[in-house]
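Have a look at this one.
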Amino acid sequence: MDWESWVVSTLNRALAYGTPLLWGTLGEIYAERAGVVNLGVEGMMILGAFSAFAVAQSVGDPWLGLLAAAVVGAGAALIHALFTVTLRANQYVSGLALTIFGLGFSGLLGARWVGIPLANPLPKLTVPGLSQLPVLGPALFQNQSYLTYIGLFLAVVLWLVLYKTRWGIVIRSVGESPATADALGVNVFLVRYLCLAFGGAMAGVAGGFLSVEYRPAWTEGMTAGTGWIVIALTIFAAWNPLRAVWGVLLFSGLYHLAYRLQAWFPPEFLKLMPYAFAILVLAIAGLRGARQLAPGALGIPYTRGEK
Amino acid sequence: MRRLGPLAFERRLTPSRPAVLGVSLLAILAALGTMSIIFAAYGVPPLRAYAVIIKGTLGTRFGLMEVLRRTIPLLLCGVGLVLAFRSKFWNIGAEGQLLAGAVAAAGVALFTDLPPPLLLPAMFGAGFLAGAIWGMVPALLKVRLGVNDVISTLMLNYVMIYIVEWLIHGPWKGPTMRGFAYTDTFPRAAWLPLIPRSMVHWPTLAVGVGAAILVALLLSRTRLGYELRVSGESPDAAHYAGISFLKVSLVVMFLSGGLAGLAGVGEVAGIHHKLLPPIQISLGYGYTAIIVAWLARGSPLAAVVTALLFGFIFAAGDEMKVTLQMPFQVVGVFSGLILFFLIGVELLMYWRVRFLPKGEGWTGKAGS
Amino acid sequence: MRKAIIGAVLVVMAGLLVGAQEEIVAGFIYVGPIGDLGWTYAHDYARRLVDEEFDWLTTMYVESVAEGQEGAIIDRLVAQGCNVIFTTSFGFMDGTIEAAARHPDVIFGHCSGFKRAPNSMSYMADFYQVYYLNGLMAGALTETGKVGYVGAFPIPELKRHINAFTIGVKEVNPEAEVHVRWIYSWYDPGAAKEATEALIAEGCDVFAFTEDSPTVIQVAAEHALPSFAHYSPMLEFAPEYVVSGQLVHWEAIYRDFLLKVHQGIYTTTNLQHVDYWWTLPQGAVELGADFGVAINPVWEDELKAYVIQHPVFGDISVYDLVFIRLSQFADPGITFDPFQGPLYDRKGNLVVPEGMWLSYESLITMEWAVDGVVGPWPGEPEG
């Protein structure tokens, strides 16, 4: 086995397996940047996976399926927004409820779609020209998903928006210090609603990717914990869209390697590494004195003009 | 104060106990009402569904015992989490701490030669310690390095899950299990006694109730409880009062993790009698306990009630699956709805409604 | 004399009538969701078949029951009037035996375990012969000489299947290897996909698996590689690339057992030694990726063109070899078994001597890896 095959397969699989993680993480980063934790990612993803499959199968167009997933994901996130932003409920509990509900509800609705392959899965993309490059061609530009490239592009755009535009300042200020933002005339509630809905739409597409492209079929609980990995990656990435790309690649690269290295390492250890890594990264950041990574008002409901 | 016809609404800073109870009951009723749609969609007349559920959980001795059995791990984890949440330590890691307790108990049961009377106490002790240690790691990380507690506790759940997986596939795989991923069955002396004609391992239940009372006393009657409350409610005040965050966090997580560890001991010594895949040891008890603790609003004694509520929901889920022959996902939808309604009405508890005919009732209090 | 005979017959008939269950209410306890398209789906499919077939039979089911909870669920089913209860996971074994003692008037069946009681039998539909047949085809189809196998857990059942599969591969292609990866889950599409991709990166070009979803065949098809389906009809998930596979007919066992309970042959007192270990001859399993399609016609020509020199049958195509073996398996006289000596494990030890077959006991406790298996093999005997 030559080194080339290891590089190619690891990168190629890291991108493919990482795509739903990237979409979900980018969405959750925006929600948390606005100050709201949404532990309902798994629930929004599974609802997205189901609706993408059902629509794609009924209409025959996987893109419409993904659109439906985005809408459903955003809708589910709005429930969370209603509870946590308007009704100021505990964000962790509301998110857990969304996950429990989403897993159950998608299973109920999806019962009659089990065991049917998707007729028109999302086509794969091989980039002309670039795919002919040695090593990098097969690693990055052959048989990838459109969503992989869109996701990477979005990571850059979302980074620019967050750090280089007025919108970004608004979102970050809402997450850091909503009272100050409010005093400056920012509609804190609206920003939080929009960021949560955006995060939900991204999670919906992440789930949709699983059912119309990654494994074009619907089965009960097919997200299999991906949503929780997204939550870990959000923190691992220190709420930064570009760092999310590296975090996702590291995580999914390790996940793939767990199967290539199985003969030498117990797979359980490779599988627990990303989680241990997430803690380690935060601990190292802490050692360096960088304690203020998290948005200041993360997890705290905002109450206008009251104390 | 706001008025709506003859009704006056007043905002209060802390909800009164009747308000909490009344509004919560309303929420549960509303959730049940919404469930009717789903029952009807599956061709089950909603009233019959409710009758069946009540009868199968609260209406028979067996049903009651099932509620109790499901309550045990939720109670132990829940009381520990109440304590953590009171000091504003967001322990999402009860699941991992529970598993740590299960592992330690299994280790003692399988690999020590303790005389039978000492075996179970040793298992409880080891389980408590393992959960406590697993809980103190994120406390240290938080106080010393500023590592977010939600994340570290959540991540440690996964680390523990894979440790259990590794143990049962690797070094602890039982020779008598024909290659399946389980440890061997514990010796009989390591089995918890049950209430006759039930599957309720009563020692764990007793420990849980005792823990609720002790933690309540700790919070209200001791210097430590005072320090813990102050550092949760007002970190600045705690700082000036010379309270050590490190000490408080470590003690809180020692107890919180330890109690979750005891829940793990109960599950393996009371029900499974072996170590098995983590998703079979705990049916998400550590996560459900977050909700149990949150609903208890900081009161360890209230956690007894909320743990019973979720014990009821688990048992009701079995009843829906068996007697009503509904798909298992109904259970998730049912718990999700109850939760949504419970958190949705939370704000209502802060309003006091009074009947005040027009012209009266200008009490002069500042409205909001 | 004649009177005595009539009397005896009457006594026997009366006994039958007394022991017989006029109406059977059978409860099925599943470890997974019925929508898993795998293990639980297949049991539930069989449940619906027998439910329709017998008008004296009513069935109930409970899905997604965690291990350790089966005792309570059994008690609830008994309260609902079930007089026969099937539990379909190895992890339910102890709970089932305990419940059988609690409910001596109820008949139990536990699937995939080894403990029994006077009112609790054990049953299993095993695939090892079918895996061997799939191995023959896989050996003929691999060009790289590497066949990939994605396994759920390293337990004797899977080891037996992978070994039988490998014996088939090596019979037609002695140089070929079977590369194994474990995903440590019965159902995890993501893990199954990445394990398959890892095997593809290692050079494998034909796939078989044990996991409750059609993931492996979908991934193989994406790479235009052939694969073998597992458990449920999965042909339509990759009609061009699925060659064959294993199908289960749990209804064969359920039908036989329930009928015998109905007729009073099996009662609450005589099940201590009733162990269904049903394979091809009893119709509990079938070769193919869809019912009635043993080999996908798309692949017939290629299998017919692959001709080997067989020590017993001389020059023969793999296609013909598969059907000869299939008829041998179907023969109740038993004329062939994949685990037929001499067999060496991959460490070079002789595990089955010349002229010997493995006992049932050795089959169900198998831990060694046959020569030709490559990859991790937890629990492999030392030496």
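Letters A, B and C name the chains as they come in the text, with residue numbers starting at 1 for each one.
Here is the rule we use: a contact is a pair of C-beta atoms (placed from the backbone, for glycine too) under 8 Å apart; a residue touches a chain by one contact, two chains touch by 3 or more.
Nothing here was measured: the structure is a model prediction, and the numbers come from that model.
Chemist: Please state whether B-C or A-B has more C-beta contact pairs across its interface.
Modeler: Output for the comparison: A-B.
Chemist: Give the label of the chain whose average Cα location is farthest from that of chain B.
Modeler: In terms of C-alpha centroids, the chain at the greatest distance from chain B is C.
Chemist: Find the geometric centre of each of chain B and chain C from their Cα atoms only, then give the gap between the two centres in Å, rounded to an integer.
Modeler: Distance between chain centres, rounded to whole Å: 40 Å.
Chemist: Averaging over Cα atoms per chain, report the distance between chain A and chain B in Å.
Modeler: Using C-alpha averages as centres, the distance is 28 Å.
Chemist: Mark out which residues of chain A touch at least two other chains, giving numbers and ranges.
Modeler: Residues 107, 111, 220, 268 of chain A touch two or more partner chains.
Chemist: In chain B, which residues are in touch with two or more of the other chains?
Modeler: 165, 169-170, 327-329
Chemist: Counting only residues that touch at least two other chains, what does the list for chain C look like?
Modeler: If we look for residues of chain C contacting two or more partner chains, we find 33, 184.
Chemist: Which stretch or stretches of chain C touch chain B in the complex?
Modeler: 33-34, 60-69, 71-73, 75-77, 79-80, 90-91, 94, 114, 153-157, 159, 184, 364-365, 367, 378-379
Chemist: Spell out the residues on chain A that touch chain B in their complex, using ranges where they run on.
Modeler: Interface residues on the chain A side: 37, 79, 82-83, 87-90, 92-94, 96-98, 100-108, 111, 220, 228, 231-232, 235, 266, 268-269, 271-272, 275-276, 278-279, 282-283, 286-287, 291, 294, 299, 306.
Chemist: In their complex, what parts of chain B are in touch with chain A?
Modeler: Chain B residues touching chain A: 38, 90, 92, 141, 144-148, 150-152, 154-156, 158-159, 161-163, 165-166, 169-170, 287, 290-291, 294, 327-337, 339-340, 343-344, 346-347, 368.
Chemist: Name, in rising order, each residue of chain B that touches chain C in their complex.
Modeler: That would be residues 56, 62, 66, 69, 165, 169-170, 173, 178-182, 185, 199, 267, 271-273, 276-277, 279-281, 283, 318-319, 321-323, 325, 327-329 of chain B.
Chemist: Using the touch definition from the top, list the residues of chain A that touch chain C in their complex.
Modeler: Where chain A meets chain C, its residues are 1, 5-6, 8-9, 13, 16-17, 107, 110-111, 114-115, 117, 124, 143, 210, 214-217, 219-222, 224, 226, 255-256, 258-260, 262-263, 267-268.
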